[in-house]
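The data blocks that follow each hold one structure.
Two complexes come next, and they have one chain in common, chain A, joined by chain B in the first and chain C in the second.
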Partner chain A sequence: MVVIRTLIPLLKGLAFTIKHLFVKPITYQYPEQRREVSERWRGLHRLKMDDGRLLCVACGLCEAVCPADVITVERTETEDGRSFPSRFDVEVTRCIFCGYCQEACPKDAIELTRNYDFCEYTREEFNLNRDQLAKIEEA
Partner chain B sequence: MDFLIESVLKVAVVFGVLLGSVAYTTLLERKFLGRLQVRHGPNRAGPFGLLQPLADGLKFFFKEDIVPANVDKPVFILAPVIALVPAICIVAVIPFGDSVTIFGREVKMHITDMNVAVLYILGLSGIGAYGAMLGGWASNNKYGLIGAMRSGAQTISYELAMGMTLVSIIMMSGSLSLTKIVAGQTFYWNIFFQPVAFVLFIIAGLAEINRTPFDMPEAEAELACGFNIEYSSMKFALFFMAEYAHMISLAAITVCLFLGGWNLPFGWEVPFVPKIFWFIAKVFLLIVFFIWERGTFPRLRYDQIMNLGWKWLMPIAIVNMLVTGVVMTLIG
Partner chain C sequence: MIPHPDPTQETLVLNMGPQHPSTHGVLRVLLKMDGEYVIEAEPVLGYGHRMHEKMGEVRSHNGFYANVGRMDYGGALSFAHGHVLAVERLSDIQVPERAEYIRVITTELNRVASHLLWIGAFLLDLGAFTPILYSFDDREIALDLLEHVTGARITFSYFRVGGVCNDIDEQFIEGTKKFIKRMRERIPMFHKLVTGNIIFRKRVEGIGIIDRDMALRYGVTGPMIRGSGIPYDIRKVEPYSVYPEFDFDIPTYDEGDCMARHKVRMDEIEQSLRIIEQGLEKLPDGPVMMEKVPKKVKSGPGDTFMSVEAARGELCYYLATDGTDTPYRMKIRSPSYSNLSILKEVTSGILLSDLVAVMGSMDLVIPEIDR
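Entry: the complex of A and B
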C-alpha cells in the first residue's frame, strides 16, 4: 500500500511534466524576437529637440531631483538671452531609471525612451554627453 | 587474423558510435529538458543547435587546465579516466543485434560474448564509482570530499539491491551471458514476468550512476558540484562524458535484461527493419525517460536515499528473488 501511495504522485508528476512538452516555449528568442515593452517603459534617456534646438533650458531641476546623482547640467546663454545647457551628462551605468528627471522637467525636454538594450565595450562609453543624448532616436 | 581485424573494426565502430551518442545525448538532454521547462534548449550553434556538442567540446578544449595546489596530483589526474573508462568498457559485452552477413562473413553484433557478462557489468559499474570517490578525495576540497563520500555510500547501498534484482533475471534465463539472456526473450520479454525487478533495477541503476533524483554526490545547491568541484577543462569533460556514457550503458543493459534486446515482443517480426534498429529505439526511449524523470523529480535528501536503498529496495529485491525462485520451482 505504502509503495503504491508513494508511486502514484510520482507518476502524476511525470504526466504533468510531459504535458509541458507540447506547450509552446514562452522564452523570447532575444536578438530576433524582442519583448514588446509598455508605452511608459523607462529606458535610455534622450534630450528632445525642436527645430534643431534643444528644448532643455538648463534649469537644473533634473539634476536636483536625481536620486542616483547621475545628471550633470551646466547652464549657458545664447546671444539672444536664451538659456541652454552647455553641458548635459548622464552616467547611464549608475542611473536607476526612476524617471524623476522626466517628471521634474518643466519643458518636457528629457525623456526616457523604450530603448532597453544598449551596450558598449567600456564603462566610459556609457557616460553620454549632451550631443549624444540629443541624437538618440525615439524608440 | 580475420578475427583480429573484425574485432578491431567492431571496437572502433562501437567506440565511435558511443562517443558520438554521448555527445548528442547531452544535446538531447538539454533540448528535451528545455522543452519540459517550457523553454527552447540550445538552438544557436547550427540548425536546431545540432553543433552544440561540438561547440561545447571546443570550449572545454580551450579552457585552462587547472591543477590546484595541494591536490594529490597523480590521483587527481587519474580520477576522470577511472570514471570514464569503465563506463565505456561496459558496452563491450552488450549485444546490439542479431548477426549480420557482411562480405559473405557472419558478423556478430557484439564485441565479445562473455559468459560472465552480468558480473563484468556489476564489477565495472563498481569501479566507475571510484572515479568520483578518488576525484573528490584527491581534490583536497571539503565539498569534493563530501561528494565523494556520498558517492561511495550510495554506490554500496544500491549495488546490493541491483545485484539482488539481477539474480532473479539470471535465475530465469539460467545464464550470465547477455547474449543468452536476450536470446531467451524472443517471445516474452523479461519485463512481463519481472515488472517489479524492472522498476527496482531502473531505480537502483539511476542511483548507481548518480543521476537525478539521486545526484547527491554533485548536489549543486549544497555541495557546489561535489566531487568534480576542482576540475576544469578536459578533466571535467571526462567526468561529464562518463556521466552520459553511464546513462547510455545503463539504458543498454536495461534493454538487454528486461526489454528483450533487439527482439520485438511475442515473436513479432517487421520485414526490412534491421533488428539493431529496435535495440537503438529502445535505448533511445529509455534515455528519453531518464531525461523526462530528471525534469520531474526533485533530488532526494541524503537520509531519504539511504532509507530507500536499505529499507525498501533491498527487502523488495530479496522478496522478489525468493518469489521468483519459489514460482520457478513450482512450475518446474
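Entry: the complex of A and C
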C-alpha cells in the first residue's frame, strides 16, 4: 500500500514531465542562438564618436562618480581650444557595471552597450584605452 | 570553537562545506555526529566576507548604493529599497509618488523571483531535480521584465536617492500583467506537484520545528517567523514606502516546521502578485525622479534607522553621519544572518538528511550572511 501511495505521485510527476517534451524548449542554443538583451542593458563601455571626433570633453565627471574607480581621464586641448581626452582608460575587469558613468556624462559621450559576452586571454587585455573604447561597436 | 569529541563516545566531527551544494555558497557547518544523528551543528562564517559595512564608511551614499545588490543575489531590490529609504530619511528627501510605486512594484516582482529561486533550490536540496527547471522557467520571465526596466538581471542598480533612474513603460506593464496571470496558473501546479507530494511531505512535515517561543528568542524574521504563527512583517507592523495603500495579507502557519515555511513562501508569492496588480492599477503619473537631486547627498550630523521587509526577513540599515556625504558608521542587519543563529538549537538531535531540509527551508543567502 505504501509503495503504491509513493509511486502514484512519482508517476504523476513523470507524466507531467513527459508532456513537456512536446512544447517549445525555453532554452537558447548559445552561442549559435543569442539572446536579445534589453535596450537598457549595461554591458561593455563605448565612447561615442561624432564625425570622427570623440564627443567626450574630458570633464572627468564619470571618473569622479565611478564607485569602483576604474576610469582614468586626462585632459588636453586642441589648437582651436576644444578639450578632449588624451587618455581615457577603463579597467573593465574591475567595473561593476552600475551605469553611473553614462548617467553622469553631460555630453552623453560614454555609453554601456548591449555587448554582454566579452572575453580575453589575459587581464591586461581588459584595460581598454581611448582608441579601443572608441572602436567598440554599438551592439 | 571546534568541538572536541569525547573518544569514549563514538562521536564524529564532520565538516559540511565550505563547498557543499546544499549550503548554497561558502558556508561551513561543523557537525558533531553520533552515527546519522546530529548532536551539534555549528555554522562557521567568514569565507566570503567582503567588508560591505566598511566600504559603506569610505564611500559616499551613492557610491555605496552600487554595492547593496551584491549582498543578496536573490532579492537585490529589497536591499536597494532599504538603503535608498535610509538615506532619504537621513537627508529629508521627498520622492515622487510614481517613483515610490515603481519601487514597490519592482521590489515585489523581485520577491517573487527570489521565492521561485528558493523553491527550486530547496527541492534540489531534498533531491528533487525537476522542480528547479519549472521554477526557473517562471523566474526567467520575472527577470526578463526586470531586465527590461533596469538593464541588468541580478545587480539591478535601479533605484537612486530621490527616485528611480528610468521610468517603466507599456511593455513592462503588459508583460507584468501576463506574468501575474501565468503565475496564478502555475502556483496550483506547484502545489499539486510539490506540496501534495507524499515524498516531499514525509521529508518536511514535522521536521525542524521552531515554536513561537524559540522564534522570538532568536529574533528570526521573515517567512521563518511567519511559519511559526507570528504575523510579523515589516510591511504591516511598521509600514514604509507606499505599502499602507495596498491591500494584502500576511500568510502565517502555526506548525513551525519546514512545511509551514514552504507554505508561507508559496502564499507570499500570491500576495506579492496582488501588490503588483494593485500597484499597476493605481500607478500615478508624474516624474520618477525628484527635481534637482543633489550631486552629493548631504545631511546634518545625525543618525537614522530604517528597516524593510526583504525576501528573507527583516533588513535594517543604521547610518550615522557627521555631516558629510559619507556615513561615519553603517550597520546592516541582514535577515539570513540572524535566521542562521537558530540552526544549532533546531538541529540538535535530528538526522543529517533532515539538517539539509532545515537549512534549505531557511532560505540562506550566504553573501548576505558574510557581507
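Assume the second predicted complex is superposed on the first by the 135 of 139 C-alpha atoms of A that agree within 3 Å, B and C clash if a C-alpha of one lies under 4 Å from a C-alpha of the other, contacts with A are read in each partner's own complex, and residues count from 1 in each chain.
One rule holds in what follows: a residue touches a chain if its C-beta (ideal position, glycine included) is under 8 Å from a C-beta of that chain, and two chains touch if they have at least 3 such contacts.
In this text the structure is predicted, and so the values were computed from the model without any measurement.
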- Given the touch rule stated above, what does A:98 touch, chain B (first), chain C (second), both, or neither? second
- First, second, both or neither for A:41, with chain B first and chain C second: second
- Quick one: classify A:67 as touching chain B (first), chain C (second), both or neither. second
- Task: Going by the touch definition up top, name the partner, chain B or chain C, that contacts more of chain A.
- Result: C
- Message: Contacts for A:5 in the overlay, against chain B (first) and chain C (second): which applies, first, second, both or neither?
- Response: second
- Task: Answer with first, second, both or neither: which of chain B and chain C does A:21 touch in the superposed model?
- Result: first
- Query: Should A:29 be classified as contacting the first partner (chain B), the second (chain C), both, or neither?
  - Reply: first
- Message: Let me check the overlay on chain A: which residues of chain A are in contact with chain B and also with chain C?
- Response: 10, 13, 16-17, 26
- Write out the stretch or stretches of chain C touching chain A in their complex. 59, 62-64, 66-67, 70, 130, 137, 140, 147-152, 155, 157, 165-166, 193, 196-199
- Message: Which residues of chain B touch chain A once you look at their complex with the stated criterion?
- Response: 32, 34-40, 43, 292-293, 295-297, 312, 316
- Query: Of all residues in chain A, which touch chain C in the complex?
  - Reply: 5-6, 9-10, 12-13, 16-17, 26, 37-42, 65, 67-68, 96-100, 103, 112
- Message: For the complex, give me every residue of chain A touching chain B.
- Response: 3, 10, 13-14, 16-18, 20-21, 23-27, 29
